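Should a chain be cited, it is by its letter among A, B, C, D and E, assigned in written order, with residues numbered from 1 in that chain.
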């Protein structure tokens, strides 16, 4: 059942898109998208936090605050998004990428702003990710999420309490903090997978069972999903660190470097564990094969011992008439014919056993 | 049958070519090529759309329009192509590449023009692609297709209605729009393959069947075809984005960057699904192996239990004469000889069953 | 037999070489090399074509022609080669590489000339290649072949008829034409291999046979040979295109770029088909395994059904004496003993068949 | 049991971390961390070595010595670490990385110092590594270890005796010496693994046993652990060598180059031995398969020979009544019926044996 | 036995090293090293060749000759090496690398000299290599070998006869000549391995045997050893060619480029043959599997045919009493009972044979 959800998710990565040949920069709202809510946090001397529905309410906050974080949750309301795009003069491609939620992580520099796409792990399923789009333009940072629920609550708490650097410095540091939290959202999920692999390894070493094959296959699929999601972040954050993007201060770059290290660590672990599961699969197959061979060997040995014995019994079950001539099965008339035949059988069995043992088969 | 067509297609990729040593720049018309039709769209203040047969008809359109899109469909008419090449002074290598329709995607800059080759997915078969050659030179863009039918109808619609940027700006944006549509033509086909892989995975997990092996093999082949077609586009579009090609405006480059992301996304998905099918194949093989082992094990166990029993029956089927001596099969004369022998058999069978169960074989 | 020739060829790639520690630049003639013939073509206002044996005959041609193509066929005559080297002041390493015919494709720029090594496919065996060395120095181009017979006859025809650009321009264009023909010599051979793979795939899908394994192995070997021969050409031609080599005019570079595309196409196809054959091998192995399993399963099922039946027959073949007691095999005396035993057997067989069918084994 | 420890270790690599969204630069002490001890060595004209508990004791040593090596062992005392960070104005990210002991090896340059993370092999288990963090800032070098016990005792000895370059030059040389010792700590462990692989190979070649599969799997896991630990050092030391980091003198770079060679050598060996174990696993599987096949073949041959013999015996065990007609088993009444039947059996067995031998099965 | 030596060698690559934490630049003499002999060749106007034991004897030769080649054979005499190091002011790391004979090939430029490490194939075992260290400083070239016996005798001969460029030019050409001979020492060994692989392939194609698996495994190991030894030379020689190392003249670089081609050729061949052996192993396994399947199939078919026949014989061996009722085995009393039963058996066997043939199993 867990698999089923997993697969559905994968498929949905590929459903809806503009038709080939459609104009670029279109806003194609996914009919199943959640309706949009806007959560605004004003920073600076004043701290303002407000859930707004009308874009025009922004004016008041802009007036009283130095910096603005507009967090847009849900991408279902076309008019709201369109108004927002107009207000902040977002490039059409930006808003197209925002609503088309199957982008790889990337960074794009526009003339008057910086556009970043990242993918956040949603909950505990490595295959379920949510697209996070962030647009930074001067004193305004707009973030777009697909669904309510994210990993930024500790960050909001710090902003509310005017605690930490993030509350008192330029918005590029907020951008870093958001990305850092997104990257860090991979760790718990990855730790779970890693622990499952390690547990499975111990389990396979102690006893091989057929269900383990399903587990290995599933874990490999999850690691593949994780790798596919996290890998583009490397290039994305690297571009933010290395390129001379004017929106990002040098001091923030030091922090992004740290964030980059985390991405590398995730990729590194995923790759290592892909190899671990690959080794594990080979080990599993060898083990199950060995077990099967052991069974077959023992059973075949049993058959092989009894077949000559049955043959001897068969011979003395023949109905040649000893009355006709002394050549015909005289053993049947011997005094010790029966015990001798049993002894013969025991002897054959014994010799076979000795031979098998010599060849180390038993 | 689907396979057959598939394979024929692959083979045809390799049939016709100039002989080694032939002069470069020759126009070698494929005898099976469709005869050429020219569809001209004039843009600018006037909008003209016309199907022409005589090259000279172009003059009138050129006079009344600022920009020209000449869409050449079918590559079978040598004289038409030759006239076109002369009129626009195309480099001989360009026209050679146009008619030799088995090129990889590429971009080439000539002194006075830009030549781009791309491959469009034709219909629903991942292995069938059509070569799209585009030559951009000042205010004229010439596109060459192998067959009628393409993914550009929405684009033409926009041109007709003078809608969108494409209708009102330089031709490099039209070039981008054409390429974008070509790249987007990969998505539906890829989505189909991906969905088939996902369905197949669920199918294999629920029950293993031999036909699934054919499906895996076929899907792997389709993914390979897709990768081979799409991969050269990465380099091609990257060159258009990065290199300072004079024909491409900076603003168009922003759009091509988006197009580049799409190419990467297709390649990424194809690569991921190559790995998924590889994992799936291993899983399939393990499953079918396990099933087979189960069958063999059970059957062997049945044989192994009956073989000693048959042996006992064989022993008491021997014809040693109990009359001759009391040593000869006295059991035959016992009152409970028969029931005892049956009990013995039951005992042996029981012990074997217990042993097999202890070793977890049944 | 085809294999045998194939393998001999591979081995010969590795026989003769200078001893470690020998002086570089030595001319070590292979004793089995064909004796040298020189075919000179003078280009320019006059066209001269002559088979010469004495180097001194060159003077006359040089006097009357602007450009010289000296085609040296057969590398067995040490003195001729030495004279040639002296006349044109070839670097000792050049002439060493020319006679040591197991070089990888490469380009080397010397102070006063350009030295190119390429490998031409010889005939239809992908494993048999011939080293082509070309030295270009001002108005003289010297080409060296191991054996008579090449892919340059159409080119010579064009020179004779003073047709095409190659007859009327600088020798770097001739160099390009020669290389282009060499690269194109890979296509027919590659097409053959590709067609064999495709045919084999259809064949395996319709019916698996043991010989197919040999075919797969052989085709993989041929693709490997092709890859090994063609791959160094990529770097070689790339150097000619990109590096500012003074001997190569910019216009020729445009043509070499085309040649580069062909190399990439060959490499690409070889790599793709290595993967195709790898998939095919896996498919073959799965198929043969499945077939084997089917056979074994059915046969084992037959055995398994008859074993209990034989056991029953064995029981009633026992010789316990029904006369001694009523406990001893009273069935033998029953009126319907025999029909009942047969019914019992049929019943057991039926139950087993039903069980096997339930478990989907038959 | 060794495996168990091994796996626990791996898991622990992934346990504790800051929650996603937490502020960067936090000091999150691992509750199980060992309490901190500080070992100071003052270098220069005076040599001072002291175990201190109060940071303030540093002042006295600073006064009397030119250079300071502060070796912090155990990362459990938050206040001590915090004081240290304040005293030397360490960047918050530095101290966060120090206590979060699951970093990859890396180097980071800060405005006023150089921060290096390395991983030391701890004891003899390739999977157990300890994070070594080093901060170099002018005349102070601070090193952080997780646990007491390291590979630096010979180095300390040299410092005490004012022997060697390390005692008399700038601290970047001490940094190099520390890193060199850390890298060298991989050699004994790697040598052990390599020797185990070589021994195992000889063992498998002489006789295949099932336990060997476990050994291969375990060794592959250890090599993977080693690779994962050592690989990031390559980039780290390369940055120290190549980049113009002001803290590192050119002369020290010569030494670091040597250190870099060692890293490459370790990585190289690990990679080679991953391949060796991979080959070994294939060899093991082929061997065990061959053995199994041998067993099965011989046993099946035995069965196959006896089955027709038993059939013949079965025929002559039939109870057709020879009295009724001369057609009913007249052989039973023949004078040499029994010997003839035995001869027939021997003949059949002999023919089968000859046939099997002809086909090279025995 | 060959394997044993092979493995011992591999292990010895890893035994002796400085302890972690030891000072760099130490001379740690291997106790088993051969005692040092110094062979000096003075070049220039005078030619001097002398075996010396005392370093001071060098002075006389230095006085009379322009250039000096000091060939140090055996690394067992610490004092001699130390004196040499002092005399020519070698960097401590140089002399450490010289005696620690398990280095990868590399080049290091020091302020006043060039240090090169290469690995020479020693004899015919691909796994046995000898470290060659060369230090070039102005007019002195010092080479260090582990053991007497090398591939430089033809070179010495040329020096003695003042033949060739090497005798009459600067020492960088001697350096090249030494390296060229070392690289060339790989060819005969590689040719042997390649020929063994090719022979083995033909052998496996004609008949599969179990010993071949050992051969494949051994050859793969040898190719791996070769690759590991040769691969670092690529980078090493590339650095000599490309980097502007002042000790190497441009003209020598042309020769080193040739040497580089040879290295690439060796690596290329090793890689190709790793793939060939990999294909070969798969082919071997398929073949042996096919053979085994053939055996098992035939034997199982034999069993399967006889099992129903034996069952029929068993039925008519039952002792139901025909006297009791006409239902009890009336066949026994039929006139043609026995011939009919035999016919029945023949019929069953025939039907089975026809069925098996229909299904293509025989």
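What we mean here is this: a contact is a pair of C-beta atoms (placed from the backbone, for glycine too) under 8 Å apart; a residue touches a chain by one contact, two chains touch by 3 or more.
On a predicted model such as this, the values are computed, not experimentally measured, just so you know.
J.: What is the minimum number of touch steps required to go from chain C to chain D?
T.: Counted as steps through touching chains, the separation is 2.
J.: Could the interface between the copies chain A and chain B be described as same, meaning over half of its residue numbers are common to both, or is it different?
T.: Counting shared over all numbers used gives less than one half: different.
J.: Just send me the rotation angle from a CA overlay of chain A on chain E, rounded to the nearest 5 degrees.
T.: Between chain A and chain E, the superposition angle is 145 degrees.
J.: For chain C and chain E, what's the span in angstrom between their mean Cα positions?
T.: 25
J.: On a C-alpha centroid basis, what's the spacing between chain A and chain C, in Å?
T.: Roughly 40 Å, centre to centre.
J.: Going by the touch rule set out above, which residues of chain E reach two or more other chains?
T.: 296, 300, 303, 307, 310, 314, 317-319, 329
J.: Reading round the ring, first chain A, next chain D, what is the order of all the chains?
T.: Read cyclically, starting with chain A and passing chain D second, the order is A, D, E, C, B.
J.: Taking the complex as given, what residues does chain C use to touch chain B?
T.: Against chain B, the touching part of chain C is residues 151-155, 158, 163-166, 177, 180-182, 184-185, 187-188, 190-191, 194-195, 198, 201-202, 205, 254-255, 257-258, 261, 264-265, 268-269, 272, 275-276, 279, 282-283, 286-287, 290, 293, 296-297, 300-301, 303-304, 307-308, 310-311, 314-315, 317-321, 324-325, 327-329, 359, 361.
J.: Contact residues on chain C for chain E in the complex?
T.: Chain C residues touching chain E: 3-4, 7, 10-11, 14-15, 17-24, 91, 93, 97, 102-104, 106, 108, 110, 210, 213-214, 217, 220-221, 224, 228, 232, 281, 284-285, 288, 292, 295-296, 299-300, 302-303, 306-307, 309-310, 313-314, 316-319, 322, 329, 331-339, 341-342, 345.
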